[in-house]
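Structures are listed in the sections that come next.
Shared between the two complexes below is subunit A, which has subunit B as its partner in the first and subunit C in the second.
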Partner chain A sequence: MNQTLPLKSWLKYQVNRFAPALFFIGLVILWEIICVVGKVPNYILPSPSAIVTAFFNVEFSRWMTHLWATLRVALMGFALSIAIALPLSIGMMRSELMNRILYPALIVIQSTPVVAVAPLIIVLLGTDDPSRVLITCLITFFPLVVSTTTGMLETPPEMIELSQSLRAPRYRETWQIRIPYAIPHIFSGLRVSITLAIIGAVVAEFVAAEEGLGYFIQFSTSFFKIPQAFAGLIFLSIISLLLFKSVQWIQMWLFPWSLPKKK
Partner chain B sequence: MENKPLESESSTGAAYVSMKGVGHKYDPRPDAAMAVQDIDLDIHRHEFVSVVGPSGCGKSTLLRMVAGLLIPSHGEVSVFNRPVTEPRDDVGIVFQKANLLPWLTVRKNVLFPLKHKYGSYSASDEKRANELLEMAGLTQFADKMPEELSGGMQQRVGIVRALLLNPDILLMDEPFSALDALTREQIGFDLLDIWKAQPKTVLFITHSISEAVLLSDRILVMSKRPGTVLDLIEVDLPRPRSQQTINSARFAELTDLIRGYIYEPNTPT
Partner chain C sequence: MKTALKTTFRLSLLAGVISSASVMAADKVTFQLDWLPGGDKAPVYVGIQQGFFADEDLEVKIASGRGSTDALTKMATGQSDIGTSDVGALMAARAQDNVPVVAVLPYFTQAPHAFFTLENSGIKSIKDLKGKKVATSPFTSSNAFLPLVLKQNGLTEDDIQLVKSDPGALSPMMITGNTDAIIAWVTNTALFESQAAGAGKEIIEMPWSNSGLSLYSSSLLASEKFLEERPNVAKRFIKAFAKSIEFSYKYPEKAGIDLHEMVPEVDADIVAAQLKSIYNLVYNDVTEKDGMGKFDPERIQQTWEYVAEANGLSETSLDPQTSVNTAFIPE
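Up next is the complex of A and B:
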């Protein structure tokens, strides 16, 4: 008698825990049923089983080559973004003039469709990594600048007064107070940016590339290998998800205090 | 009366912190309203002076002027006969919220002023931090993160942090207003203990009348905006003060006197 209740709550807990996975599995099963029962042709909507088959029909080493090409561009673009966004945000936070000059420029860059500019960049910088990295950087750096600047400006004004009353040098105000206070904001910017980095790399590959997952998807589609294109797409999504999670793990590992408090 | 730690009043004689005709407007336009006006106040060394007044009467403005974080547009603030013209580092400030850095332990938060001012601190500084923490009864929490402490304990850490550089002046801006009533009374007595062990010139901003009477030597009562001086009240209650002080007839008289100023729009005296 005593054991039924814990068992019940245990079950409830497990269902709760695996709810997202169960939902996802249910969706895949439904997809498979629709494809099989409705006799949907593969070139319109391939069934999950066809996609899995297509995935394993491509050699592992080929997958790795494409993955590395995309990941390399995405991570380099992301790193370049961080390297530009941090100093830029500090500058905009410290100087009202710089803020007034740069903010409109940043909004113009952000609202320009990068897909439209990408071919121009390729013409300018060539068809190698640099142009792809720049395209990725253009897509990823805006959320980083906005979140970092916002975070640094949201430092409690009392802490700034404390710093002033200690007559501490301004760089220490930035490094010891403002940047740490901005960490939660910076990481929400990083989470947005890392997924955009993959999108940026794929956009660049669509314009000019001989390898990479974006190139692979485009190439498969143009040869009507639709299940293979889907396999590439899903592989890409999984990589994106893993990168997103990695940013969260890094935050948990390096800055556990910056995470929202659990209730 | 023999416990009053205020012999300095007679020994130094002169004012330690002095405000002469101090007024301020945040907006420089000539027709703009004054935030505070015509404030004259002399605080003696190691005296505990509170400022009470309605919200927005410029109490915090006064505190920032003494800290040099704000230079008044009218009149002059001076400390030890020298006018305050820039932020001064010989004051300790305690804010309404403890404002501890969430990424540092309690001990490192206490040491933060040194780390921030000079970039590092020595083993003897650490020893001093430990002593201060012990005085505030926080030794066992020294290696905890601020979020693990209650609000009252966090504020005590805030006070200890303000004492680290051994300032002569302690500026407290409604330091207990975020705490619940019970904690608030206790931390008031704790503050008196700390003040007795480490005498400081205290400027204490509060909107709690009973808190001001319980803690202070003198109380500056301010009017509504633009804040002017309504009265400067000598609190002639014996020290050390305790729960019995609160129950005394004189305590009630003094709080009533101040309450009268706050709730009836009096003309300045």
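Up next is the complex of A and C:
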């Protein structure tokens, strides 16, 4: 009588386990059906099958060339923004004056649409990687600064008082108390930044580039190859997802204690 | 004796290396496109693939651009030495900012702007556009000339309903009936036709050059610094480029293959179709009268008058002849 119960719970478990994948597959099938039944032309919304065909029509080595160009710029821009954001946050946390001077400037930089000044950057720095890396950095570094500063300021005051009463030097206060406390905040900033890094690289490629996934997408639309553009877009989103996951893996590997406790 | 022989051998080897290195040290030139690679941009690729530049001891690097102003800026700031862009945009830029760029060789001797509409739209001429919805892209140089071509056909901008949209969306808008007509360059005709055919429709092209708007358009431009500092390189480049134009339009299929070789994303047959459909922009009654590769001062003046009117500039703000440098045109 109870024999169906394990099967039922097993099914329930499996459905639950693969829910994200099932949802995604269902969505793709629905998309295909809408395109086929509704006879939606490719230049309005290409069907998943047309996109897959377009993906394989482009040589693998071309995909790798474009991927490498975008990834290179995104990662360099991301690294640069970490290199700028961390010292800046430490400085802003330590000095009230610096905080007052820099914060408005940072907000101005962040709220300037980079697309609008991108041509200017290209003119100043040339059409090669440096200008693209700078554009990426400009887009990515703000969330990092904000989350790192917030994290360091949220250190429990008792800890700071304790370290001060023990006459710990300030660098030890920063490195051994504040930064460890800020790690969860820093990593949430890094997760936001890494997806922005891809967007930054693509924006830069829209302005000046001879290769890269952003360039490839723009190129495909200029030739009205919409399924090919979609293939590029989907490839781009997969890369973003992987990079996002990588940041999580790095956090798990280096700072497992900083992750929220699992139930 | 043996050492002497060895030394001689080594010396001659060294001499050989040095002389071959000097042969290899071709002059480097950065070429600026005003848009992404495509049929109308084929000549420079053809010149590289067919070895026309190598024959002149030139090593050419190509940079893609994002519009005529972008291309002009890159040449003016020295990011690129020479390239193609609209001579009208150059004149407007010189009148306002005196940018250090000049035209050295005509390419399109007729303007590429056109209206496109579906065959069954009932629109047969520009006059029929009265009261119709027309879509254009926000940054195309065509927009500046639109009031002129409408005026020549007895219309004003108020007579049409103008909407702006992304260049890639124009043709789908027309095919799906979202707009009655679109404004685009005739360089796109082959693409539009294949797209319309996919939906079982046909398109009509109405070039503005047939309706009185007759002027120089895309030309070979060069930075003044490049011409001053490396006149010899410039002269050789222009000679090879003229040869490349000729080859591209004579053998469009080969040009398509050459471009595809360098930019695999571009289909060779589309490039060939594009080159054939724009043949008249390059070879027409103007080039027949003046000869290929010659700027006619009168037509330069006429082009400037159109550009000045289209951009709301005073005609005296520029001597249009200063936008052109004919000293480098190959004999």
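Just so we're on the same page, the second predicted complex is superposed on the first by the 259 of 263 C-alpha atoms of A that agree within 3 Å, B and C clash if a C-alpha of one lies under 4 Å from a C-alpha of the other, contacts with A are read in each partner's own complex, and residues count from 1 in each chain.
Here, a residue touches a chain if its C-beta (ideal position, glycine included) is under 8 Å from a C-beta of that chain, and two chains touch if they have at least 3 such contacts.
This structure is a prediction, so every number in the text was calculated from the model and none was measured.
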Checklist entry - So if we stack both complexes on subunit A, do subunit B and subunit C clash, or do they fit? => result fit
Next on the checklist: Per the contact definition in the header, classify A:Glu158: touching subunit B only (first), subunit C only (second), both, or neither.
Outcome noted: first
Next on the checklist: Rounding to a multiple of 10°, what is the angle at subunit A's Cα centre between the Cα centres of subunit B and subunit C in the superposition?
Outcome noted: 150
Item to check | Partner chain(s) touched by A:Phe56 [first = subunit B, second = subunit C, both, neither] | outcome: neither
Next on the checklist: Taking the superposition on A as described, I'd like to know which of subunit B and subunit C A:Gln176 touches: first, second, both or neither.
Outcome noted: first
Checklist entry - Is it subunit B or subunit C that touches the larger share of residues in subunit A? => result C
Item to check | First (subunit B), second (subunit C), both or neither touched by A:Arg167 | outcome: first
Checklist entry - Just subunit B (first), just subunit C (second), both, or neither: which does A:Tyr13 touch? => result neither
Checklist entry - Of the partners subunit B and subunit C, which touch A:Phe255 in the superposed model: first, second, both, neither? => result first
Item to check | Minimum C-alpha spacing, chains overlaid - subunit B and subunit C, in Å | outcome: 51
Item to check | On subunit A, the residue positions that both subunit B and subunit C contact, one per complex | outcome: none
Checklist entry - Which residues, counting only subunit A, touch subunit B once they are in their complex? => result 156, 158-159, 161-168, 172-173, 176-177, 180, 183, 255, 257-258, 261
Item to check | Interface residues, subunit C side, partner subunit A - complex | outcome: 35-38, 62-64, 66, 70, 73-74, 77, 79, 167-168, 171-172, 175-176, 191, 195, 198-199, 264-267, 270
Item to check | In the complex, subunit B residues that touch subunit A | outcome: 64, 67-69, 87-89, 91, 93, 95-97, 99, 101-103, 112-113, 115-117, 119, 145, 147, 165
Checklist outcome for this item: Residue set of subunit A touching subunit C in the complex reads 41-44, 58-59, 62, 119, 122-123, 126-127, 206-210, 215-216, 218-224, 226
